[in-house]
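Next come two complexes, and both contain subunit A; in the first it sits with subunit B, in the second with subunit C.
Moving on, here comes the complex of A and B:
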C-alpha cells in the first residue's frame, strides 16, 4: 500500500510524537557564531574578511614555497644542469625537452623538462595545495552555505540564487568539479548559465598561481574585471535565455569542527586528481606548442591573426602561441605569456584573454558531458550556446579592457 | 544484493560510505556535495557487497538533476537493501523519504546520524521505540567519528520489507 503525501505527514507526526522529546535548548557560542555570520549587518563584513583571508593565505602560502624555494631550485640548479647534460644542443629534441639553450630561467626556456615541469611542480602545485587547504576548511566547517545566504540577493539579479556561489568558489580551484557541481541547481537554465559563466569567467587555481607570479601587482584588477564580466554577461544571459529561476529554500547546516583526518584525506584526493588531470596536459601542451613552432605553423597563424590580435585587442601577434596552449592548460598559457616582450597593459590584456578564451580541454569535455544529460538538444545547447556566449564575451569584454587602457592613457 | 545509502542532502551519506567501504569520496558540510553516485565494496559476512553512495534527495519526486539520479538508482536496483540515513536533528523530513522507500517495498535500515549534534541540541529520540514502530532496524550513528557504524553493518542482514499498514497499526496499538 502507498500513502498520499498528507497521510504520510500525518503518520510522521504521530511517530515523532511518540519517539522524540525536546529538552530545553541552551544558546551557545556555536549558535552565536552561526548568527553573526549569516545576518547581513555582521555577516557581510565577516564574509569580506574571510574571502580576503583566503586571498592572502593563497598568495602567502604559494609565494613562500614558490619564490622562497622552488624557483631557486629550478632556475639555479635544475635548468643549468639540464642545459649542460642534455645531448644534442641545437637539435629539435633539445628544443622540445629543454627549450632555449640561452634561457636563464625556467619560465622562458619553454621545454618539457624545464617550463612544463616548473609550471606544474614549482608554481601550480603549491597554489593548489594552498587553495584546497583553505577551501576544505571552509567546506567542512559549514561556512559555504552561509556565504550562499549572504550573496543570494546579488545572484538573484542575474537569475541565479545563493547556492550558485558554491560552484563559483569550487571553480576557483578547478573548473571541472565546478561544472559537475552545477547539477545541484534547480533548472536547466540555471545549470547552463552557471556552467558557461564559470567556464568563461572564473580562472582556476592553477592559473591564479601563475598569475601571481607573472602579473603580481595586477591579479586583483584582473579578478575584479572578470567578476564584473561574470555579472554583466550573467545579467544578459538571464534575459536572453528562456526558462525559470525559482526561489529556493537553502539548508544551512550547523557549524562543525573540521576533522584533521578528513581535511588531509580530501587535500590528498584533490592534489592527486590535479596530478592526474593537469600534469599530462601541461607536458603535452609544451610538446604540441613546440612542434607547432618548429614546423612554422605558429608563425603562419600569428600572421593570419595579426589584424585581430593587434587591431582589436592591442596585443602582440606572438600571443597566438599561448592562446593555442590555453586550450590545453591555462596555467601553461599564462606562463608562456611572460616570455613575450610586451608592455604591462598588454600583458594584463593577454592574461584576461587567456582567461576568457576557450575553456581548457578538461572543462570543455565536462561541459559536453553535462549537455549530454539533455540528449542531442542538450549537447548542442552546451556546445553552440556556449560557443556563442564565448565569442561574444571575448570580443566585447576582451576589447573593452583595451578601451580602458586607452582611456587611462597607458596604451 | 546491493546496499544503497540514501537520505536528505547533507546528512552524512558520504561520510558513512567512506566508513563502510574505506573508499574515498569527497565529504563536506553543505547540501549537494555529492551530485553523482559512487560505488564501493564492503565485506559483509565474508562476501564483497556493492555499496552505492546516492546523491541526497528529499523525496522520490525529484526537484533537480542530482535528485533525479537518486531516484533512478533506486528504481534500477530493486534487489537492494536501503540504508536510510537521517539527520537526527531533522527526524521528520528524513522519515518522509524513509517511509516512501519502505512503501516502495525495499528492505530498509535506518541510521540516525549526527546523534551527537542532536544530543547537543537536546533532541532525544527513542531509537528502540522507533524501531518497534517501524519494524526496521534503527541505529544511532556518528559517521564522522565512526560510532555506531559497526552496529549498523551488523544489522543490515535483519532488514526486510515492511507493510506500511503494519506501521499504522503499530502506532495505534
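Moving on, here comes the complex of A and C:
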C-alpha cells in the first residue's frame, strides 16, 4: 500500500492523538536533583561522594571474595595439593606449571596453575565484577552523562570534551573496550590522544585489584600521580598534535531506576568478554616469563638494563621480569613485583613503571586496529606516535617519581 | 487547625518550617563533624568518644563529604519549601547514606568469612563482634537524615495532585508538549 504525502501526515496526526499527551511542563523535584548534579558548585561534591562510594564498594566487595575465601582456597588447599600431586618436582615442567616448590602462597609460586589461576580468578574476577556492577548502575541511573557534563570544562583544557570521561572510566575496567569507546569522540586528534593517554596512564580493574593487595596504603598516591600525568601529557599532546577539538552537545537523560535484569545481563556480557581476553594472556604470560627465566634470557636482559633501571628509575634489576610480563598482562606484572625484595618507595615506583610501561598486548592490538581506520597513515600514527609518547612518558614521568623520593629523603 | 480526632493537623507551611529548623540543626552538626574529621585526617590522628570514633581509611574523604553535606543542608534552609532548596537537602542526605551505607555494607561482608587462621565462615561470637562499637559518625547521622524521605513524599504527593488537577482540565491537541 502506497500513501500520499497528505495521507502520511494524516496517519501521523492520528497516531500522535493516541499516544502523545499534551499539557504544561512542570518542574519537579527529580528535575531539581538532576540540575544540581551538573552544576559545578553542587555537582563536584556529589561526584566526590559517588567516587567515595565507588572505591568503598570496590574494596569491600573484592576483599570479601579475595581475602575472605579465595586466598584460603588457593593457598591452603589448591597449592599444597598441586605441590604434592604434580609429577617431576624440580623439573622444568613442574616449574612452569606449579612454580617454586618452596612457595607457601600462590602469589609467590609463579606457576601457570598457581599464580596465573590465582591472579585471574582469585583477584581479578571479584575486582572486575565489583567495578562493572557499580559502573553499570551509574550508567543505568543516568549519572554518567552528568559526570561528563561536570568534567567538560577540565577536559577542554587538554583538547578533549566531557564525553571523554566515558572511555576514561571504562578504562578503569579494561583498556580494550575503552580504546573502542574512543570512537565516540569527534576528531582523529581527540581519538588518538584519548587512546594513547588511557593506554599509558589509566590502570585497568585487574591491575587495580592487584595494587590494592600489593600496596594497599599507596594506591591513592599512585592514582593521583597517574592522573596528574594524564593531564600534563594531555596538555602537551594537545599543543603538539595538529587537528581540531570541536564543541559538542551532550544529551543528558533523566534519572531513572536501574532494571535488575538489564544490570545482570550487561554485567555478564562485560565480565565474559573481559575473561575471554584476560585468561589466555595471563596463562601465556606466566609460560613466557618462566621460559625466559629457565633459559637464562631474563638474567641476561636484567644485566643489560641494570644501569637504566637502577640508575634512572632507582629500582632493582630484577624488575625486568615483571616489565616483560607487563606486555602480556599488567595485573600479572604487579603480582610478580610483590615477590621481589625492595623498599616501599621502590615498590611504588615499580608499580608506577608497570602502569606507564607499554600497554598490554590486547590493548596494543586494539590501538593498531583503531589506527587502521585511517589506512597506513593511521596505523603509523598510532604505532610510532603512540610509541614516541610512551617513551617520553616512561622516562620523564617514571624518572620524576624517583626525584620525588629523593626530595622527600626516602630514596 | 483542629483535627476531627482532637489533635492538631499541621499545615504545609508549618511542616516546612519544622523541616527548616530541623535541617539547620542537623546541617550544623554534620558540618562540625565534617570539619573535625577533615582536621583529624590531615593531621593523621584519631578520636574516640564513647561508642563513636573518627579514624580509619579515607577519614579525610569522609570528612570532606560530610563538610559538603553540612553546607548543602545549611544552604537549603532559606526558602526551604522551594524544590531547588529541597533538592540540596535530598542530596546532602544521599551523601550521608553513601558513607554510612558503604560502612554497613563492609561490616556485613567482613562479618561473614572466618578470618586468616579460622575456618571458612565466622563463628557466632566473631560474627556478632563485627557489629560492635565504635562506629563512625555517619552511622549515627543516618537515622536523622532519613527525615528527608517524609519531605520527598510530601512534595511528590503535591506534584501528583497538581498532575491530576491538570488532567481533569480539558486540553486540546496541538498545544505545546
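Please note the rule applied: the second predicted complex is superposed on the first by the 388 of 411 C-alpha atoms of A that agree within 3 Å, B and C clash if a C-alpha of one lies under 4 Å from a C-alpha of the other, contacts with A are read in each partner's own complex, and residues count from 1 in each chain.
Assume a residue touches a chain if its C-beta (ideal position, glycine included) is under 8 Å from a C-beta of that chain, and two chains touch if they have at least 3 such contacts.
Owing to the predicted nature of the structure, the values given are computational and were not obtained by experimental measurement.
When the two complexes are overlaid on their common chain A, residue A:266 makes contact with subunit B while staying clear of subunit C. When the shared chain is aligned, subunit C comes close enough to touch A:45, but subunit B does not.
Once chain A of one complex is fitted onto chain A of the other, the partner contacts of A:24 extend to both subunit B and subunit C. Of the two partner chains placed around the shared chain by superposition, neither subunit B nor subunit C is touched by A:221.
By the document's definition of touching, of the two partners only subunit B reaches A:254; subunit C does not. By the touch criterion stated above, A:15 is placed in contact with subunit B alone, subunit C being left untouched. More residues of subunit A are in touch with B than with the other of subunit B and subunit C.
Residue overlap on subunit A between its contacts with subunit B in one complex and with subunit C in the other: 16, 20, 22-26. Per the touch definition, subunit A reaches subunit C in the complex via residues 16-17, 20, 22-29, 32-33, 35-37, 42, 45-46, 48-50, 52-53, 55-57, 59-61, 63-64, 67-69, 72.
On the subunit B side of its complex with subunit A, the touching residues are 9-10, 24, 26-33, 35-36, 63-66, 69, 89, 91-92, 95-96, 99-100, 103, 117, 121-127, 129-130, 133-134, 144, 163-165, 167-168, 171. Residues of subunit A that touch subunit B in their complex: 1-3, 8-9, 11-16, 18-26, 136, 139-142, 144-145, 148, 163, 166, 180-181, 183-186, 191, 250-251, 253-254, 256, 259, 262, 265-266, 269, 373. Note for the complex: subunit C touches subunit A at residues 58, 61-62, 64-65, 68-69, 71-72, 83-84, 86-88, 90-91, 94-95, 98-99, 101-103, 105-106, 109-110, 112-113, 120, 152, 155-156, 159, 162-163, 166-167, 171-177.
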